[in-house]
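These notes open a run of structures that come right after.
Okay, so chain A shows up in both of these, paired with chain B first and chain C after.
Let's turn to the complex of A and B:
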């Protein structure tokens, strides 16, 4: 029957069919919940009762006026700093592993492996590494002779607990960034480098004038991933420190979860989620603006 | 040369990566049980498997025509599925042949139950976990007053709304010091401390013997609950201190029950009677350390006794005594209910009620879990509870929680465990209390509007 229809109609049916189904799935499972989240953010729903009363912008006022809520963003700063270091390391390893190195596939695999591990498993693993009394890191430092350093409470010092946690993130995601850089590096034609070396450019000059401009877009992408990652950290502090000591490693997402599920304030938690979303958009716009200014 | 150098650097990094992979293998078998943060806490907290199941005498089948059909019990005891529950099902269906009993076990119970209730349909018998205010109970649950129990029950009033009872406690527990007797003997503590000063002295002896006196599990937050709910109860001999907070703008002061209770913990911390680094404690490991006598004591509920025994301690080596919260020498202990059974009013009510009665009277679950039975005249099976009772503690029964203090607390976003942590770690504890009191007062006046 379908065959007998005119070609144009057939084409239309197929196009509509192929577009409609993914769109329908996208709408039901991505856009509808997102809109529902925005709707909830204007109510005072407690998570259970059937009535959700509309309270306007009160939740948003609360998010911005309560320093307890917004102040936790400064904990995310550490993840941001370490994220930059992570990207520099990733480029470094990508360049090394892109050269003619023996066994480079093996090394690539090794660096990428931590990314495959489940986040909670990684957190438990590092719980044993950073444990003060029985942890492998302190035991190692002790055997090296750093007696005072081997007493460090890596996860219990308000000053650097976030850096400790972020360093685990570095271990975990560096390989992922590296793989993306590697793919970009492999797409740079090698005759560029040949021509440059004939003209007498050294390795550093080649890196600055050939490699960097060619992987610029990819750096931007990786920074995007790093920034969103830094803003949305959750699993490591949740499992390892539970926000401690005394709230020093609490992140915004943990705050959202406790607001919703512990304090039964789903409305406020929804508003916080929306604010986080906007915050990511704002930070990324700034980043794009800064990076593109040089490019154009 | 250059290549050799980069190769060296890369291999150095590889080696560290590899060694970390190695420790992963070691880590996994050690963290048996819990896999995710919160679920871990809630699960293990009421996870007191260990004692063998004692079968209640099988009664002759009393076939009741109204009691038939499918009954589903939503439970938090994932560990009992395909084990004890298979036996429960067999015994219950023998007694009521028309009933098809089913178990559904979920983790992270409180959160999930709330979602199930909000969705409009949930199983026939559930555990009334925290988070459901009493006033909401009649909306979803059937009153249970017409079940004829063979004995008086503890906590008939706790889930009572307008004179009707909506929940029955599945078992009860108390809080005190769970200790390793060998560790006490090794440190030369011959008698259990009866006053707070004796308690500090015993802790000093334990510390001198190289044993960590008290495992606080400070980092995990929930073990600090005893200092918020139970020690204040012991100090004041009243159980309504959490409710009374609603009457004041300054619920946390240095000289009230909370200040006194938190100060005891702070003293223990300052004198070095807690773990070496309280911000890096490990709950699963602490059970092994108590069992092996590396740690001396816990201040927790009797439910932990079975878990310590499971982790390698001999039962006769684990003791339990009331925590001396002051120097009066009088033994006091709180009596706290565990989860309450509730019956879905839109479910198979008759059969569900029969099942709740059976759970309380015949299943033997209270003995299995190491609880103090809900039936007032039934003696607890746990040896440590018998020891506990030889110190003749005055039990202070929990009172129904008011919803207003919880509302204020949620509005103010106060997590009391975090308050205790800050109080203990801070240089100026008064400032911490002031900060929380201010939040409390603000939320209280906002709610009064």
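Let's turn to the complex of A and C:
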């Protein structure tokens, strides 16, 4: 039947038929909610009642003036700091694995392993590592002779609970970043290095003048993932500390979720979501701007 | 010069060993403790080996108490349906986009690309209402997560598009001359040739769905709909502090993706790097 039709008719059917459903799903679950969030952010909707009233910029004023909402970004900052360290380590290990080395594939396999493990399982795994009395980290520190350190309540201290949590993120994602950097390094033609060493450039100079410029785009990509990842942290603190102690590890996304689904304040939650979305767009634009300037 | 390169070699290996230790240390603790009895756990140090690596009592108890049979069943069901639907839709979409020119094509591809920057956690505030509003989905709860997982997956589209562009167009042309319809060309030529890309996508998607906690937690709150991640959360809620029990539950959850990774690493690395580097 179908093959009797002229090709241009077939073409039309294929294009419409094959594109329609994915496009519909994309619009329904990505763009419609994004636009709807903007609309809801100007209302006081509670998520259930059919009527919602327009309250102008009130929700946004609340987001920026209430320290309990905007101040939560302080907690996200720890993830950003650790994320930068994570990228530096990832580049370092990528360079090592890109050099002459025995057991390269074994090391790559092992360092990437945490990335594919179940996130909830990883969270509890570290719940055990950081446990104050039975935890393996404190036992380990005790064995090494650091008696005072071995009493530390890693997840119970308001001062550094976020750094503890962020370090779990480093454990999980460093290998992922490393594999991406490694692929980028491998695509740099080796004659560049040969030419450089003939000209007398040492290892560090080669790194600064050949390696870095060639992986600039990948660094940008990884940094974007790091920053947005830091802004959007949710599952680790949710599973492991549930925001505690005393809200010290609550992240912005956790706040959005509880505002919407626990306190039924969809209007405010929407405004918070829009703010988060804007932050992501701003980060992306700044990076674009810096990259383009660097390119010139 | 020689001394310097020896020094650099030393630093290389020492830092790698440190990294390996850091990666292996937490799982090691879980593995040795998962096999300990309660008395062993209380009397021995955390690092010590269990009396026997054949003591599967904790595993049996955890498997039963966490209702893991159901959890694995549900996860498998969601996975199977999601994979079939998204592979078919994704491959077809990329065939249309990769082979034909049409109006708004660039706009549509651009929409898919741009969507990656919308934080999916935040859109759930609205998606939750949308999903609850579809009558069929409301009746069969597990369709909700499936629908969300099938929707926009930019990584999949990227990998498929990359792949389709490398399949020579002459294949299509000669099939057309022999009278094959465009649909037949997709079904019998393009789709089979996409197999390596499909394999990569199946593996990466399996890992990401298996590891997801956010969507099941939000959309599948009922006990009968638990998946692996949420079953572990429930189990921990009841057994927290009993680390030998928790350890065995963690291991049961971790093993499937770890085994998959060891067997299929080639596809995983290929997927991660094409998705990101290109």
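Here is the rule we go by: the second predicted complex is superposed on the first by the 262 of 296 C-alpha atoms of A that agree within 3 Å, B and C clash if a C-alpha of one lies under 4 Å from a C-alpha of the other, contacts with A are read in each partner's own complex, and residues count from 1 in each chain.
We take it that a residue touches a chain if its C-beta (ideal position, glycine included) is under 8 Å from a C-beta of that chain, and two chains touch if they have at least 3 such contacts.
Treat the numbers as computed from the prediction; the structure is a model and nothing was measured.
Residue contacts after overlaying the shared chain place A:128 against chain B and chain C alike. Contacts of A:253 after superposition on the shared chain: chain C is touched, whereas chain B is not. More residues of chain A lie in contact with C than with the other chain of the pair chain B and chain C. Once the two complexes are overlaid on the shared chain, A:261 sits against chain B and chain C alike. Once chain A of one complex is fitted onto chain A of the other, the partner contacts of A:195 are absent, as it touches neither chain B nor chain C. Contact with chain B, but none with chain C, is seen for A:153 once the two complexes are overlaid on the shared chain. By the touch criterion defined above, A:113 reaches both chain B and chain C. After overlaying the two complexes on the shared chain, residue contacts for A:93 are found with chain B and with chain C alike. By the touch criterion stated above, A:31 is placed in contact with chain C alone, chain B being left untouched.
By the touch criterion defined above, A:49 lies against chain B but remains apart from chain C after alignment on the C-alpha atoms of chain A. Common to the chain B-facing and chain C-facing surfaces of chain A are residues 47, 93, 96, 99, 101, 107, 110-111, 113-114, 117, 120-121, 124-125, 127-129, 131, 134-136, 171, 239, 261. On chain A, the positions that touch chain B within their shared complex are 47-49, 68, 93, 96-97, 99, 101-102, 107, 110-111, 113-114, 117, 120-121, 124-125, 127-136, 153-157, 171, 238-239, 241-247, 258-259, 261-265. Residues of chain C that touch chain A in their complex: 8, 12, 15-16, 19-20, 22-27, 29-30, 33, 45-47, 89-90, 92-93, 95-97, 100, 102, 108, 111-112, 115, 117-130, 147-148, 150-152, 176, 179-184, 186, 207, 210-214, 218, 228-230, 232-233, 236, 243, 246-247, 250, 253-254, 257-258, 260-262, 265, 268-269, 272-273, 276-277. By the touch criterion given at the top, residues 3, 6-7, 9-10, 13-14, 17-18, 20-21, 23-24, 26-28, 30-31, 35-37, 111, 114, 117-118, 131-132, 136, 219-221, 275-280, 282, 285, 409-411, 413, 415, 418, 421-422, 425-426 of chain B touch chain A in their complex. Residues of chain A that touch chain C in their complex: 2-3, 5, 7, 10-11, 14-15, 17-19, 21-23, 25-34, 36-37, 40, 47, 92-93, 96, 99, 101, 107-114, 116-121, 124-129, 131, 134-136, 139-140, 143, 171, 175-176, 179-180, 183-184, 187, 203, 218, 221, 228, 231-232, 234-235, 239, 253, 256-257, 260-261, 266, 269-270, 272-273, 276-277, 280-281, 284.
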